[in-house]
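Take this structure first; my questions come after.
Letters A, B and C mark the chains in the order given here, with residues in each chain numbered from 1 onward.
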Amino acid sequence: MPVMKIKKFSFTYPGVDHPSLRNITLPIEKNKITALIGPSGCGKSTLLRSMNRIHDVYSGNKYEGKIELLDFETNQRNNILDIKKENELIKLRQQVGMIFQKPTPFPMSIFDNVAYGLRIAGLKNKTELSDRVEQALKDGALWKEVHDRLGKSAMGLSGGQQQRLCIARAVAVKPEVLLFDEPTSALDPISTGAIEELLVELKKDVSIAIVTHNMQQASRISDYTAFMYLGDLIEYDKTENIFLNPKEKRTEDYITGRFG
Amino acid sequence: MRLIANKIFLVFSVLSAVIGLSFLAWILITLFIKGLGSFHFSLFLNDLIDGGLRNLIIGQFILAGLAAAIGIPLGMAAGIYIQEYGRGRYASVIRDLSDIMMSAPSIVIGAFVYAVIVVPTGGTSGFAGAIALAIMMIPVVINTTDNMLSLVPRELREAGIALGASKYRVILDIVIKAAKVGIMTGILLAFARIIGETAPLLFTSETSNYFSLDLTESFPSLTVSIYDLANEPEESSRDLAWAASFILTVLVLIINLTGRFFTRNKD
Amino acid sequence: MEKIFQKLALSSASLVFIILVGIFLTLLSSSKLAIDEFGFDFLTNPDWNKEVVIESDVSNTSIVSDVESDEIIDENDEMIEDEDEMLFDEDDEDGAETKTIYGGLVPIVGTVLTTIIALVFALPIAMGIAVFLAEIAPKNISHVVGIAIELLAAIPSIIFGMWGLYYFAPIVSDLVGGYQVSLLTAGLVLGVMILPFMAAITRDSMNTTPGVLKESAYALGATKFEVIKDIIFPYSKTGIIGSIILALGRALGETMAVAFLIGSIFVLPTAINSPTISIPVAMANNFGEASGLGESALFYLALILFVISFGVISFAKMYFLKKAN
């Protein structure tokens, strides 16, 4: 059952003539990992960033079509592209979190980093904050390494640790969907492995969409894969099918390394 | 030959650096000799009326402090607007105007404040002087805030937004914090600059021989008094002017170097 | 809350605009009296605060008294009072009306000439320092010397005035002869003041030259001098010119140092080592006692200075110092 349904979605950046995404239709399945792959410039990041409307930090974007997010409480689907009000956008981002390619620890302590999303959502109770932070750090596979220095600055962590911190921070607000934009491309192989393991664990609680230019990563951890090219969705299927038995020639060419 | 031209050029360049440093050394040594020569601790205990500098030093700090209290929040808010909220032409026009104001003649600003504050209120005042200094400080604070904020990576802002924070929270909690050190240095350097200013105070707050905390009257100023003392015929006035110059310079350099100290590792 | 914050930020930013416009309008309105009275002649008239007889019964205007250079013997208050009365009676007896005229030529010329002297003196040294900092000195020396140069910029201008008057001026007049306080002395000290500014901006411009460009030249066997002359300078040309013009703009408005050193008399300089006056100094010295037309004339000078500075600095920014944002 999909937690998000993308229907005939097109997107144009401000000041540009032609759309960067054309007529994308694609589900994000609940508690599964969906990978978006394709050569540079195919629009995979653009699509990912539409799912939490982070494009709207910059004005002038043009949307067409629908992106429907399942509301767990009402069991209804709402088109997130209709959201206009600031406080509803904020609510959306609490439901759909994002982790970026470059680790983005805030200039604060480890504890304050993880607690940030909770605090701005209004959580003040110190015990509850403490518990949630601890849980989030455990979910992010970082607790063991930092539990004795929660007050220290997050800037002192290594790259891999910082990225796991960002994951813990995003997980703390208990989102329904987590978007990962090439989360390991700036990390070393060991940190990459740790995060890949983490993602597989996380999908038990969260639905995941991940953009990656690393095909091996996609085939390792994802359940479903979408192959994109020049703004179009070329093929979407279960990961085994995409990699072992692609239907489209372009998919096959990309998988076998003939381009991209 | 090419190598000779190269050598001559290199020598010239090193010579220029030496000349530049020599001027600095010359001035500092002069200040040391003449200033220390007339220096004694009672300068800090007596006011000008009794041949000391106490009221002037305190007065200068109060003027600069008040100017900073006005100029820093306004400058930072404006800098935040330009970098974080500004869309298109207006923000970039303000940025350009602020840059131009940074190099504007300080005496003209003094004349402006004279016309709009001193004349209507019937006389010189510490307030007028502080405002003149604030007007000089604002563009510098804007410039440093704008530049430091622009160095904060885009992704950091996006990460805050992605967590559901509103824009102003992202700016205050994350972006300003990330740029904190650079902004502090900029502010300290701006403060060092205005505490050494004379022209804006000449006809706005003038100076006073007496200790005063009354900002509605002429207010004691170290810099303006140095000018007055230097113009007096008595030798003792000139000696006092040197002592005051020495103290002023030491003050300015300390504040300046403190500011640089904060960013010493950011190379 | 978000909206409030945004509005506050916007208002603060708009303050810059308001102040700038406010300065211009205030100067304009305060100088209106003088502008109406003298018009553009103000720019070409060298007489400041001279009383002239208005034509009525007398056939030609003659200079009755030069108020600036009144010498009053100060021994005895009574004598002064008598003298005042005498002057008063003289005017009465003549029956001629006089008015005071102001002309800004001398301060304008002084401002322009001191700035030019400063530039000519500072330019080669500033370029030399910039080259030293950017290309010649090893990193740690460049860092330390760079800070020292910036400290030179941090020294308050009144200090330059003190040092200039008692230490630099005598040396200049020993070398060149003539007065210690003069156009030349003021110009040279002004040069020392703008030196660090020009050097710093030029150095920063030079540092924007891509390393690969320099390396390609070295790889072809070029000497350091040639790389600087043929690659770096042309590349950073606009920034360098911008720094020069900006320094010019700043020098125009410099007050305190020049006040100590230029001589402060409203006389056109006859030689480079003549004492004269500049606009900021004219304002600094006379604002306190001026009133009415005299004060308005000072505002007129301020307006001229403001417009020239604004023009020069804007010119530097628009054409040479475009920041890529």
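The rule is short, and it goes like this: a residue touches a chain if its C-beta (ideal position, glycine included) is under 8 Å from a C-beta of that chain, and two chains touch if they have at least 3 such contacts.
All of these numbers come straight from a predicted model, not from anything done at the bench.
Participant: What shortest step count links chain A and chain C in the network of chain contacts?
Facilitator: Step count on the best path from chain A to chain C: 2.
Participant: Once every inter-chain C-beta contact is counted, which two chains account for the most?
Facilitator: Contact tally peaks for the chain pair B-C.
Participant: Computing the C-alpha centre of each chain, which chain sits at the greatest distance from chain A?
Facilitator: The chain lying farthest from chain A is C.
Participant: Which one chain sits nearest the middle, judging by mean Cα positions?
Facilitator: So the chain sitting closest to the middle is B.
Participant: So how far apart, in whole Å, are chain A and chain C when each is placed at the average of its C-alpha atoms?
Facilitator: 59
Participant: Report the inter-chain centroid distance for chain B and chain C in whole angstrom, where each centroid is the mean of the CA atoms.
Facilitator: 19
Participant: Express in whole angstrom the distance between the two chain centres, defined as the mean CA positions of chain A and chain B.
Facilitator: 47
Participant: Pull out every residue in chain C that's touching 2 or more other chains.
Facilitator: In chain C, residues 2 touch at least two other chains, as defined above.
Participant: Please output the residue numbers of chain A that touch at least 2 other chains, ranges allowed.
Facilitator: Residue numbers touching two or more other chains: 86.
Participant: Where does chain B touch two or more other chains at once, residue-wise?
Facilitator: 166
Participant: Going by the contact rule set out above, which residues of chain A touch chain B in the complex?
Facilitator: Going by the criterion above, the answer is residues 52, 54, 57, 59, 86, 90-94, 97-98, 100-102, 104, 106-108, 116-117, 120-121, 166, 169-170, 173.
Participant: Within their complex, state which residues of chain B touch chain C.
Facilitator: 2-3, 5-6, 9-10, 12-17, 19-21, 23-24, 26-27, 30-31, 34, 73-75, 77-78, 80-82, 84-86, 91-101, 103-109, 111-112, 114-116, 135, 138-139, 142, 150, 166-168, 171, 189, 192-193, 196-199, 202-203, 223, 226-227, 230, 241-242, 245, 248-249, 252-253, 256-257, 260, 267
Participant: Applying the document's contact rule, which stretches of chain C touch chain B when the two form their complex?
Facilitator: So the residues of chain C in touch with chain B come to 1-2, 5-6, 8-17, 19-20, 22-23, 26-27, 30, 124-129, 131-133, 136-137, 143, 145, 147-149, 151-152, 154-163, 165-167, 192, 195-196, 199, 223-226, 228, 246, 249-250, 252-256, 259-260, 280, 283-284, 287-288, 298-299, 302, 305-306, 309-310, 313-314, 317, 325.
Participant: If you look only at chain B, which of its residues touch chain A in the complex?
Facilitator: 87, 153, 155-166, 169, 173-174, 177-178, 180
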